[in-house]
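Here the structure comes first, spelled out in structure tokens, and everything after it is commentary.
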Amino acid sequence: MAIPSEDSAMPITPEQQAQIDEQRADPRPTLRAVSEGMERHLYRAHEVLDHGLVRVIDYMGDDAAITQAARVSYGRGTKSVSNDEGLIRYLMRHWHSTPFEMCEVKFHVKLPVFVARQWIRHRTANVNEYSARYSILDREFYIPAPEHLAAQSTVNNQGRGQVLEGDEAARVLDLLREDAMRSYDHYEQMLSQEGQQGLARELARMNLPANIYTQWYWKVDLHNLFHFLRLRADAHAQYEIRAYAETMCGIVRDWVPFAYAAFEDYRLGGVQLSAKGVEALKRRLSGEVVTQENSGMSKGEWREFEAVWD
Amino acid sequence: MAIPSEDSAMPITPEQQAQIDEQRADPRPTLRAVSEGMERHLYRAHEVLDHGLVRVIDYMGDDAAITQAARVSYGRGTKSVSNDEGLIRYLMRHWHSTPFEMCEVKFHVKLPVFVARQWIRHRTANVNEYSARYSILDREFYIPAPEHLAAQSTVNNQGRGQVLEGDEAARVLDLLREDAMRSYDHYEQMLSQEGQQGLARELARMNLPANIYTQWYWKVDLHNLFHFLRLRADAHAQYEIRAYAETMCGIVRDWVPFAYAAFEDYRLGGVQLSAKGVEALKRRLSGEVVTQENSGMSKGEWREFEAVWD
Amino acid sequence: MAIPSEDSAMPITPEQQAQIDEQRADPRPTLRAVSEGMERHLYRAHEVLDHGLVRVIDYMGDDAAITQAARVSYGRGTKSVSNDEGLIRYLMRHWHSTPFEMCEVKFHVKLPVFVARQWIRHRTANVNEYSARYSILDREFYIPAPEHLAAQSTVNNQGRGQVLEGDEAARVLDLLREDAMRSYDHYEQMLSQEGQQGLARELARMNLPANIYTQWYWKVDLHNLFHFLRLRADAHAQYEIRAYAETMCGIVRDWVPFAYAAFEDYRLGGVQLSAKGVEALKRRLSGEVVTQENSGMSKGEWREFEAVWD
Amino acid sequence: MAIPSEDSAMPITPEQQAQIDEQRADPRPTLRAVSEGMERHLYRAHEVLDHGLVRVIDYMGDDAAITQAARVSYGRGTKSVSNDEGLIRYLMRHWHSTPFEMCEVKFHVKLPVFVARQWIRHRTANVNEYSARYSILDREFYIPAPEHLAAQSTVNNQGRGQVLEGDEAARVLDLLREDAMRSYDHYEQMLSQEGQQGLARELARMNLPANIYTQWYWKVDLHNLFHFLRLRADAHAQYEIRAYAETMCGIVRDWVPFAYAAFEDYRLGGVQLSAKGVEALKRRLSGEVVTQENSGMSKGEWREFEAVWD
């Protein structure tokens, strides 16, 4: 994955960039496991959407930590790299999740509130979010790029259809921009203490729409991160959270290359077959013609089955 | 706690009330533990804020289930009620949390999004929220009652000060109402498929402010519910979430009276003293004059200490 | 599933059976969801192994509670049964786990300590175990039936091979029985306060072997129970824990028939294919000959692949 | 805390010590937060009980990571150390647990099985235990030192009384040693494949008593570690697990000195007062004589109250 060059990081102010540079300028010795691939990412801002970002703030463990936990051995061991890779693939294939829990990562994420609300449903993680009770939120809103301004899907109740075009697209963008700016103006007016008392921050925030950006620290173990990525890097996930998940996939690939490759093969690229699906494939392999009618599957199941196998 | 009469439940439509009545009209026999106090609450809507509600949808266990788990006995046992109460107080006092985990409750809650965002930080619970990807949200927004329209506290960064008055209060209410209505109008315009494709629901929702109402099913065990209530029924919690917590306290009191009484005595009404606080009180009890300077406490700690003991 | 007749329940003493009968004799009205299939199981002891048992102590929810949570509707709804079944299958197929979390069950389980140690690795559950610090354990030990006395597998490091026979089997059974009895005799001697002080219970218990029986209350939601059953009712699970899992499968089938059927089709009977496995099957379906060498799979993966598809 | 010298670590074999030395000989540069106090502990074995140990295998974060999460700021910040300490004390005092969750530690622990069974009740942690299905356990058993061989308490059902003396102590030690050795001899005989098939490891282990040593990797965040230490470093915890907790307290003190000091003041040294306890102290402070009878407390509560305040 391409490490962002220092000047491409638009959501970062010069002061923030200076802090990042300062943190990256000061390597210190440690006796812990070090992932060279992850060290290159540390603190750097990966841009996501129009004002969002993902940064790695800290991490624990590497591919070897996974196999070490599986072996509960005393040392890093003398096993060859190929053995480590094979063991990691074995663990992933057989749903042995605890060795993957031995790696941990902490991200700093800046994201729209409606994305944060999807994200937080994944409960097995630690979160510290910027507090709008305590502080004032910045005037930053997610406005979709034209190519992501999609119509409601006509076949999928929770999906997108074609990209909006022409006047309709322009109207939508105008409404989103104007409402965001007006809501924020009023947020500031309500908070203002000039010539008035000023509304409590914990109340004023209720006027802000769900495309305003928030930020948080999100810490998770590798097993639960893979679970998150499987659901959120999936083609059925909403584009906006998928953009974050894909950025994180690139980071994890550099951090734990063997584990990520196994995840890609068994989870992202894998397929779950039901007993009926197994039966249908076996009949096809033996030359039979299997249709929805004689498969025992419902129309919905059959459509999904065919999407893979036809 | 007063059970809401059937006509006081304003946030409920006549159709919904008819469903509630239907559910309440059909008792069925069960061999499970039954809490009479909780049966009276089942399905009924407790109003909270201007359009919110809390309803009990299901529950498991009662006071006896807590002591039964502590004893891991075969039957309901022959212990007298006073023993049960004493055992429950003992368990609460000594932080034995697992017996309280043996009770479970499922609520249906309708609440503003900014309250939902605080609530969801409590991760040890099960949640199913109304999906704005899949469905269209209703035009319902929280607008504070005048007595809850408070200024920012001048002493506490995340607290409220005096109630706003006069023109300022009126301006704030106008802004909140107008922005809510306009945002919702635009939400509907963007979704509309009349003469246009219509924006995807998962995108259009981003225009809605944080005081719109959402709803969810929230299921939690009694130990984790007590933890939630201790933090959210506390005087430092934001008023809007406290209103829900207090309603739930009333429900829990009817469900598990012994456990709730112990919770009230040891948690809600209890005080946590630091080693320095213990030392300061012991010196006072022996007649010494203890001040912040000779207490070893910081100014903040001392202020909190004095708030209890002076 | 066959409900145990009252006289077949060997691990239950007459006093315990009297308590069970008493509990089952006293149905009370409730407004909650009731599962008739589960009511028949309540409190009854299902025998497992030589002295173990599984009993349902309480439950919350039924098939309708799963679809209700998915719909977050106000009432039980008017959807036809076939719709409920289809929705439950859809939820299971697409890994929507939260609606299944809306059902909860509490078991009383009596089980050997070495089984308890495997079981407890499933952390998302609530447990209250009989305390050997506080109480004295009974003289009950698991001794395998002859047909379960297996040799170490020669191909699988953590599996069983052939059944032991003749003298070897007899020697093993003698050793297990004698060591259990002697350890328990010494446990009692150390605890005895006749003519001596008597060792603390929390210390004396360390002399007891891992085949002694313990018991606990174990409470879990349906999603996490399915996860447990998928791993522990699997052919690769150790026989002794599988015996419990299979008993519980029978109970869950009676409790939530639609959810259990979906679980059986998609999880127990399902197959997870890697990207490489999908590729290999597609090539076979198009008439190609695929071998381990040209599949990209390791020998281990290929062996597992062939076990399903050959 | 004293770092163990290299020759005092008795439970470590020379090969293991060589591996530890090798790991400690190879510092590598990292950009992550580094705790100098924790680096000194990494990999070293701290002896606990007769054959047990605790080793730090990895860690994430330091005191600054806690305050950084609380501030959700971009950099390490320019706040002075005294501010960090004050903020950490504030967070601990007000039960703000999420910033403490931002630190993580991974231990390698060798411990008797009966201690492991208490330990594992703390569910919010990641565990990989040595598998006795897969491998053969070593011949290592916990035999209490004479000063820890205690009688059953006559006042506390789950506590210890006086130390056993003379013949009784000698008899107990003989029984524990002999039963351990005999059980292990039979374990080996059943496993042996000389002249017989050899019992499966997953079955043979059931003959081993609860004082045999096992080992695991245990990974936990700082908030949950503090919760564990508060319960297990407490005077009421069983001595054997307390010995581990106290060793870990020493390690945590070196890792995050500010957080540990706050934990010591507010948790380990703190006192929880009930509403009745607060009332009783206020009356005493105003000169009143408060007795159990006029306090509203039960005898048990009063005894615990007096133990602190008299």
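Lettered A, B, C and D in written order, each chain numbered from 1.
Just so it is clear, a residue touches a chain if its C-beta (ideal position, glycine included) is under 8 Å from a C-beta of that chain, and two chains touch if they have at least 3 such contacts.
In UniProt terms, the chains line up like this: A, B, C, D = Flavin-dependent thymidylate synthase.
Not measured: the values here are computed from a predicted model.
Peer 1: In terms of residue numbering, is the interface formed by chain A and chain D classified as same (over half shared) or different (under half shared)?
Peer 2: same
Peer 1: Write down the chain pair with more C-beta contact pairs when A-C is set against C-D.
Peer 2: Taking the two pairs in turn, the one with more contacts turns out to be C-D.
Peer 1: When the centre of a chain is set as the mean of its C-alpha atoms, what distance in Å lies between chain A and chain C?
Peer 2: Averaging C-alpha atoms per chain gives centres 34 Å apart.
Peer 1: Compute the distance, rounded to whole Å, between the mean C-alpha positions of chain C and chain D.
Peer 2: The computed centroid separation for chain C versus chain D comes out at 30 Å.
Peer 1: Please set out, as single numbers or ranges, the residues of chain D touching at least two other chains.
Peer 2: Chain D, residues with two or more chain partners: 98, 121, 127, 131.
Peer 1: So in the complex, which bits of chain A are touching chain D?
Peer 2: On the chain A side, the touching residues are 16, 19-20, 22-24, 26-34, 39, 42-43, 57-61, 65, 68-70, 72, 74-76, 98-99, 101-102, 104, 106, 108, 126-131, 215-217, 219, 221.
Peer 1: In the complex, go through chain D and note every residue touching chain C.
Peer 2: Per the stated touch rule, the residues are 112-114, 117, 120-121, 123-124, 127, 131, 133-134, 142, 144, 149-153, 157-162, 164, 168, 171-172, 175-176, 179, 182-183, 186, 189-191, 193, 196-203, 205-211, 238.
Peer 1: Quick check: in the complex, which residue numbers of chain B touch chain D?
Peer 2: Listed in rising order, the residues are 86, 89-90, 93, 95, 98, 121, 231, 264-266, 268-278, 281-282, 284-285, 298, 300-301, 304, 308-309.
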